Amino acid sequence: MDEKELRELLKGIKEQNISIEYGMEKLKDLPFKDLGYAVIDNHREIRVGYPEVIYCAGKTVDQVKGIVSFMLTKENNILGTRATVEMYEAIKEICPDAKYNKLSKTIIIKRKEVKEMDSYIAVITAGTSDIPVAEEAVETAKIFGNRVEKVFDVGVAGIHRLFNRLELIRGAKVIIVIAGMEGALASVIGGLVDKPVIAVPTSVGYGTSFGGLTALLSMLNSCASGISVVNIDNGFGAGYLASIINKL
Amino acid sequence: MDEKELRELLKGIKEQNISIEYGMEKLKDLPFKDLGYAVIDNHREIRVGYPEVIYCAGKTVDQVKGIVSFMLTKENNILGTRATVEMYEAIKEICPDAKYNKLSKTIIIKRKEVKEMDSYIAVITAGTSDIPVAEEAVETAKIFGNRVEKVFDVGVAGIHRLFNRLELIRGAKVIIVIAGMEGALASVIGGLVDKPVIAVPTSVGYGTSFGGLTALLSMLNSCASGISVVNIDNGFGAGYLASIINKL
Amino acid sequence: MDEKELRELLKGIKEQNISIEYGMEKLKDLPFKDLGYAVIDNHREIRVGYPEVIYCAGKTVDQVKGIVSFMLTKENNILGTRATVEMYEAIKEICPDAKYNKLSKTIIIKRKEVKEMDSYIAVITAGTSDIPVAEEAVETAKIFGNRVEKVFDVGVAGIHRLFNRLELIRGAKVIIVIAGMEGALASVIGGLVDKPVIAVPTSVGYGTSFGGLTALLSMLNSCASGISVVNIDNGFGAGYLASIINKL
Amino acid sequence: MDEKELRELLKGIKEQNISIEYGMEKLKDLPFKDLGYAVIDNHREIRVGYPEVIYCAGKTVDQVKGIVSFMLTKENNILGTRATVEMYEAIKEICPDAKYNKLSKTIIIKRKEVKEMDSYIAVITAGTSDIPVAEEAVETAKIFGNRVEKVFDVGVAGIHRLFNRLELIRGAKVIIVIAGMEGALASVIGGLVDKPVIAVPTSVGYGTSFGGLTALLSMLNSCASGISVVNIDNGFGAGYLASIINKL
Amino acid sequence: MDEKELRELLKGIKEQNISIEYGMEKLKDLPFKDLGYAVIDNHREIRVGYPEVIYCAGKTVDQVKGIVSFMLTKENNILGTRATVEMYEAIKEICPDAKYNKLSKTIIIKRKEVKEMDSYIAVITAGTSDIPVAEEAVETAKIFGNRVEKVFDVGVAGIHRLFNRLELIRGAKVIIVIAGMEGALASVIGGLVDKPVIAVPTSVGYGTSFGGLTALLSMLNSCASGISVVNIDNGFGAGYLASIINKL
Amino acid sequence: MDEKELRELLKGIKEQNISIEYGMEKLKDLPFKDLGYAVIDNHREIRVGYPEVIYCAGKTVDQVKGIVSFMLTKENNILGTRATVEMYEAIKEICPDAKYNKLSKTIIIKRKEVKEMDSYIAVITAGTSDIPVAEEAVETAKIFGNRVEKVFDVGVAGIHRLFNRLELIRGAKVIIVIAGMEGALASVIGGLVDKPVIAVPTSVGYGTSFGGLTALLSMLNSCASGISVVNIDNGFGAGYLASIINKL
Amino acid sequence: MDEKELRELLKGIKEQNISIEYGMEKLKDLPFKDLGYAVIDNHREIRVGYPEVIYCAGKTVDQVKGIVSFMLTKENNILGTRATVEMYEAIKEICPDAKYNKLSKTIIIKRKEVKEMDSYIAVITAGTSDIPVAEEAVETAKIFGNRVEKVFDVGVAGIHRLFNRLELIRGAKVIIVIAGMEGALASVIGGLVDKPVIAVPTSVGYGTSFGGLTALLSMLNSCASGISVVNIDNGFGAGYLASIINKL
Amino acid sequence: MDEKELRELLKGIKEQNISIEYGMEKLKDLPFKDLGYAVIDNHREIRVGYPEVIYCAGKTVDQVKGIVSFMLTKENNILGTRATVEMYEAIKEICPDAKYNKLSKTIIIKRKEVKEMDSYIAVITAGTSDIPVAEEAVETAKIFGNRVEKVFDVGVAGIHRLFNRLELIRGAKVIIVIAGMEGALASVIGGLVDKPVIAVPTSVGYGTSFGGLTALLSMLNSCASGISVVNIDNGFGAGYLASIINKL
């Protein structure tokens, strides 16, 4: 409820068009739907072009199905992340046109067409193993209405691979760099572009990669400027943030 | 053995009503039963309304069954935490009315009616995935004789969901806040209430959530006062402590 | 602003006693004073017997002095924690009767008499080196109107020292256990009492005590129930929480 | 050297306007100045409105002075971060109009007027102790030509302080949230706005705040979307990134 | 080869009883048998009553079988630790009287009678879940010829259980204390006895027990003296060291 | 592209033998093959005797097969590391003479004979469990054309086993020391030889070995000089680096 | 109070020689002296040859002086560890014959002659920088009545230095090994002797030595048996434990 | 003592030229000088061109002076690392021509001319703040007889600075890369050269650089091959190892 709505409400009460009881109700009634195990935010409907999002990890198949079931009533696009095949199959029962991306583990349900923007987001990976996280970012950015360019497997061990794609990278409005191991690609790209760089450490690596911690620390300590970091393997977060920036 | 009992014992010896051997026995004989692999505390029987508690993790099915078998002789309520389905099935053989909560992994055996208190404990979760830990707290608080109000999935990402339930939360005598990820809900609630807040970090999250460590650290460093913390996923501990406070 | 005040406000608007502009003002105007570098909460005045609290660490002497200067206008008791001697001396210039406790590094300014409760808080330390943290807890509990009993240097290396004081400890309504090194005292006391135990790890120790981390972890993993933990060296937090519980 | 310049160069060589030797020189001669101990990037001059930046920590006073001395020849604005008073005094000898901000430890040398943008950056702190980091972000954002709105000391322990300033925060194009301790403010703001949030953990806190690590982890694990994180106390990095985004 | 043998050897050479070639051989030929993948120490045979020991973890079934096969040629007792059922079954093929303890995962092959000492080792556990580690210590101590007294499940949560067994504990020549969670039992026993205490942290616990790290740190920081620590779950190490001390 | 080639190219353009478009192409066209999910470096073909290398972990079977399939077109030797049996079987379909080493999980495809050098690399392990990592180093060193001497299971617990092999170790040009647990073997060998020692910590151990971290830290802090360290279990890295040094 | 004393007491009560009040007193009155800030254990007097011990770190000069002042009344030897020069000077005022060892920071006050045992403790250091910790162990062992042999600076970087002293080391009844950096000396000695080895990690080193943590981890993971570990820099603990073992 | 010497010795004994006592002496007498607090290795004298090395950190001024004093008797070059100004001044008293490098904190005493090799070592730093560590490596490499080329301040934030110096870097026989913060320079150089790369993490950085740990982890996880790592700030170790490799 923003300031304007508040003023309307108070005015209605003053002019006796609105009862005190109704005012009480309105000021206490916040915009969500309580399913018992989950409270769904109805607020986002208002923002055109935004899908409903459900983070599936840690939820039971029934809970995911129940939440999607409610969301479907709103005729909005839906993005499910970290979804298992079981979840996908349960959802297909209530929504046969749901799509599942095995690599990114995302479920997409389309109800409205999404208009793509002209400016694009570059999604870059250091290696082949980083692609699942990249795909989560790509799927997220797309369902939020962004154009995406993929630049995969251009890590610094063979830096000439990166330089060949530099033009495409520099043309983006915002750049997502996804890397595991030592995560040096974020610093190298950060030193070559003037755009915001969202760095995503991945859990790719072994030994002292500590499940992505080394890449994360490396990215946080980048000697290049213009880089910020999201959680390990957080492709969705990077895709979402890139989308917000791309739409500024 | 408290001071009064000691005085009685010594008096009995002085007055020759009690033999030295008996005194020796009493002073050495502490109130427990040794099963070989487990030493059961008989002390707690005295406190009315307190159930026997068995922490099942790390024990074999046979050990759990043996312990419950002994406890049943005392006609007291029994709470088993972190119990597997296998343990539950073994117990059902000797106690067909045992109840199992799959979500919280608790076994409840009721032998005495528990009188509920008027004041209540609020059990709040940030997300849907925190519910299993919450249920362990709820089951514990209930078998210890407390009234519980559940407020689930009201994390700070959609803070209006929380504000809608604030009245219920503020009415509690003690509040349990259960959250994974960054655990910010504890600080927010701590800033909104004047009641003791028991914060329970959960292992919900990924990457740098480090199995609940981030939520734990966040809760320990809360800028709000009146918050204390128990171990990660320790729903039982929170429910037990809340029960003690609620009964003060 | 609680529900009742909201209803009054809306009623006033309806009955034309209160203007819309005033309503707008009230609903937006939250109870604090903005000093530029600090926003002081005026909310707490309402609660009788609660002092103003200022956490001095990380603030400049001028900032602390400025905040205290504003607080003095409200004729309430004031508690400053983690204050340096320099801060104390600056405050004495504007408030000559301020008291400084060198051990606990607390400043106390008394303007109202605090009525002590009957029930008391036991503050226990494992060693002599834990006393500064204990004193912070004691000063906090006292200015919030609690009776405190001190039981110092009764660590488990000489467990008979603890048993001698057990009666006094068991008589408390809530117990604060303060220990560095391995922090085992919290578990031992937790196993001996039926009262809420607030464990405060201290940075006392060397090597793998890691500035209190070992004591903290030890306390979080206590095999005894009824224990919760606050941040390392957080005497204030323990004293404040104990006060809330003592007043339930 | 971008693609267009390369094409021009090759064309010049083909048309005999440019000698091979000159081409060699151009293609090898990269845009920097080698001072022996530091290699200064001349590349940035081209981008209008961008100051020279020197990170002073870990450099000797003489090195800083030498670098500034060379930069001054380019008649560009200069920003020195993490500068000591000694460094400032050495610079004043060669540049009497240099300005020093004691709080943020930044040196500003103005040679060109910076045109401010219409859209603004909101810089928010949880507490008073976070202000030095905030000031580094503010100074950086300003010298890069941005309008800044400060919202200080609005941490979640008194969440009403924050709500009062929400309108101003929501009006920003990009938001910097600076917090130590548990860093919950980032999540709360992330849940209330639709703008990119750059979270800066600070080393404010004690015990398990681990010099800002807890705030960092908390921010990385935020349950709210649209948040990314920079290194602990990295006010400059946040100000720089916010500037890039603000200018998109 | 000790000093006496060296002197004999040199004397033999001087007196021409021993050839230079033989001396070369002796001085170079160290007492082991190389199986390619493992080099077995023949040195230990000399020490009466010491079994051959094989640490099975990380070895293939074939390697373990091969090593045992060679050891059997020496007609000595054999102790295999961390052995799987598969390893045991492979060994039974070549040694039908091998015994397997499922709890401790040890294999025992007896070829010589071991004479027990009069003094005994006390093996104490805090909980039921610590028993597997305790059994490894017990099996080790026994095959090395020690008398062992078991005191299980006497953790500090019910400290009276411990006091009842104190006499037995104090009678031991050396004490092994095995505990997970917060490991406080080591400190409590260390404060009650005058004997060397070998503390074994176990990986029993959850959350911040960090697989035994908390218990380890707790034991290293014990406020009681006379305690030393071995690696997490290292029942063999404790049993072996206790045996050396018991035989002094 | 080195300086000489660049000069040729520019000269060609100047002399009109080379078109600008071709020059553009050349300067942009870097030496790799993009398979979509992987960008294969063609650069290495030039260096005689070097195999193609594919790190298989984190790649799908199809991706590995696709990459090998392309590599086979170049008639070069191929080394696949961290390959599963499934990968090996997929590769055998397109290359029946591929060899798989189960211990080291390496795939070798030979197309050219590799000439061995005279100087050799010593590969030493502390225990039997370190052999898989050692074998990865051995396979790597061999396919890169090096002679290798294996010295396995000579850890410091029985230091005489090591001394017996010292001559062989000292004869190597470069030494790889592979050890888990406390990794002390690296220091001992470092103190006994004058050759470069590449230390490889392994994840062998339990409890506080932390998956190889303890061995890694131990090796980094070696009191002996001439030792450097690679990542935990990184047999390939050690074999590759040893090969470079051996060929100097 | 042992069983025999308890029986006497009860018998005295029964026979009316002892009053109930006296019995109450005795059973509650534990053997210590409470100074307010410290509770001194009188219990140890009984054990002949044991000095009073005071751990000075974290105590104020006045507290240390007060404790020593009380201890002096008992005419026992006194050992102060981690004492500053200031503490020593304060103690000299009340006890002019106190001795201070600057290296080990120990204060020794002799009141009774200590009879040395025949068997000896070997105290070994890896380097020169480990000597202060070694001296603390030496001073402790001596005042507890042990003969000590020092073997300093024999680290594994020059392992022949160690072998030269092996005879002396092997002659000891118990061995203390003190090492920083990678702590490999403990494993090497553990592999060469059959005596209990007490390993003391020191904070000697830099970078990833992490203040002794690497040495500690290394020692805990030793591949040699018979080694146990005390806290970093804990020379007193090692000396005390060695003394207990030496006297068995 | 090598095999040949051993044979000579035994032959001498056999032929009665050498007494048994002398043989005993020789076989026990290892090549070092015991100063009480330090055991100096005389072994290294034999290797021509190698200086005596003394690591000064953790030693007292008197100890350093005493060690140098003994070393001077051997008329060899001397390198002191991590030396303070005080140590230098004490050494100048006994050796007026000692040289001190303030940046690298090294003392150099020249007694013999060192012949430089043709091949050279490249020492590269990412930033200006890494220079002190680089200088330690340079001083070490030089006194061990190596030619060194310095390439300072070429970090990846401005990667064109690096490419300009690539020819010089590629010409080296072995390369030392010194970097703090995220340490990405090691990976980038590793991907551009075919020479052994010794990576030295430095403690340059703040926040999550954790005193060099992030750079260390980054370097250990490099996606480029041919890189190994030494301890944080270990310029000496890198210089020494590079020297060994350069001389192969």
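In order of appearance the chains are A, B, C, D, E, F, G and H, and numbering begins at 1 in each one.
Throughout what follows, contacts are C-beta pairs under 8 Å (C-beta built on N, C-alpha and C of every residue); 3 or more make two chains touch, one makes a residue touch a chain.
Bear in mind that the values here come from a model prediction, so they are computed numbers and not experimental data.
S.K.: Count the C-beta pairs in contact for E-H and for E-F, then report the pair with the higher count.
M.R.: E-F
S.K.: Any idea what the CA-fit rotation angle from chain E to chain G is, to the nearest 5 degrees?
M.R.: Chain E sits rotated relative to chain G by 180 degrees.
S.K.: By CA centroid distance, what chain is farthest from chain E?
M.R.: The chain lying farthest from chain E is D.
S.K.: Starting from the mean Cα coordinates of chain F and chain G, work out the distance between those two points in Å.
M.R.: The computed centroid separation for chain F versus chain G comes out at 50 Å.
S.K.: Taking each chain's centre as the mean of its CA atoms, how far is chain D from chain F in angstrom?
M.R.: Here chain D and chain F have centroids separated by 41 Å.
S.K.: For chain E, write out the residues touching at least two other chains, lowest number first.
M.R.: Residues 28, 127, 158, 207-209, 213, 216, 220-221, 225, 231 of chain E each touch two or more of the other chains.
S.K.: By the touch definition up top, name every chain pair that qualifies.
M.R.: Contacting pairs: A-B, A-C, A-D, A-F, A-H, B-C, B-D, B-E, B-G, C-D, C-E, C-G, D-F, D-H, E-F, E-G, E-H, F-G, F-H, G-H.
S.K.: For a test of understanding, state which residues of chain B touch chain C in their complex under the given definition.
M.R.: Going by the criterion above, the answer is residues 3, 47, 53, 167, 173-174, 194-196, 198, 216, 220-221, 225-231, 236-237, 240-241, 244-245, 248.
S.K.: Taking the touch rule as given, give the residues of chain A at its contact with chain H in the complex, in rising order.
M.R.: 126-127, 155-159, 181-184, 187-188, 190-192, 205, 207-210, 213-215, 217-225
S.K.: Which residues of chain C touch chain D once you look at their complex with the stated criterion?
M.R.: Residue positions touching the partner: 28-32, 34, 36-39, 41, 43, 57-59, 63, 201, 203, 211-213, 216, 231-234.
S.K.: How about chain G: which of its residues touch chain B in the complex?
M.R.: So the residues of chain G touching chain B come out as 3, 6-7, 10-11, 13-14, 16, 20, 23-24, 27.
S.K.: Inside the complex, what are the residues of chain G that reach chain H?
M.R.: Result: residues 127-129, 131, 152-154, 158, 160-161, 163-164, 204, 206-209 of chain G touch chain H.
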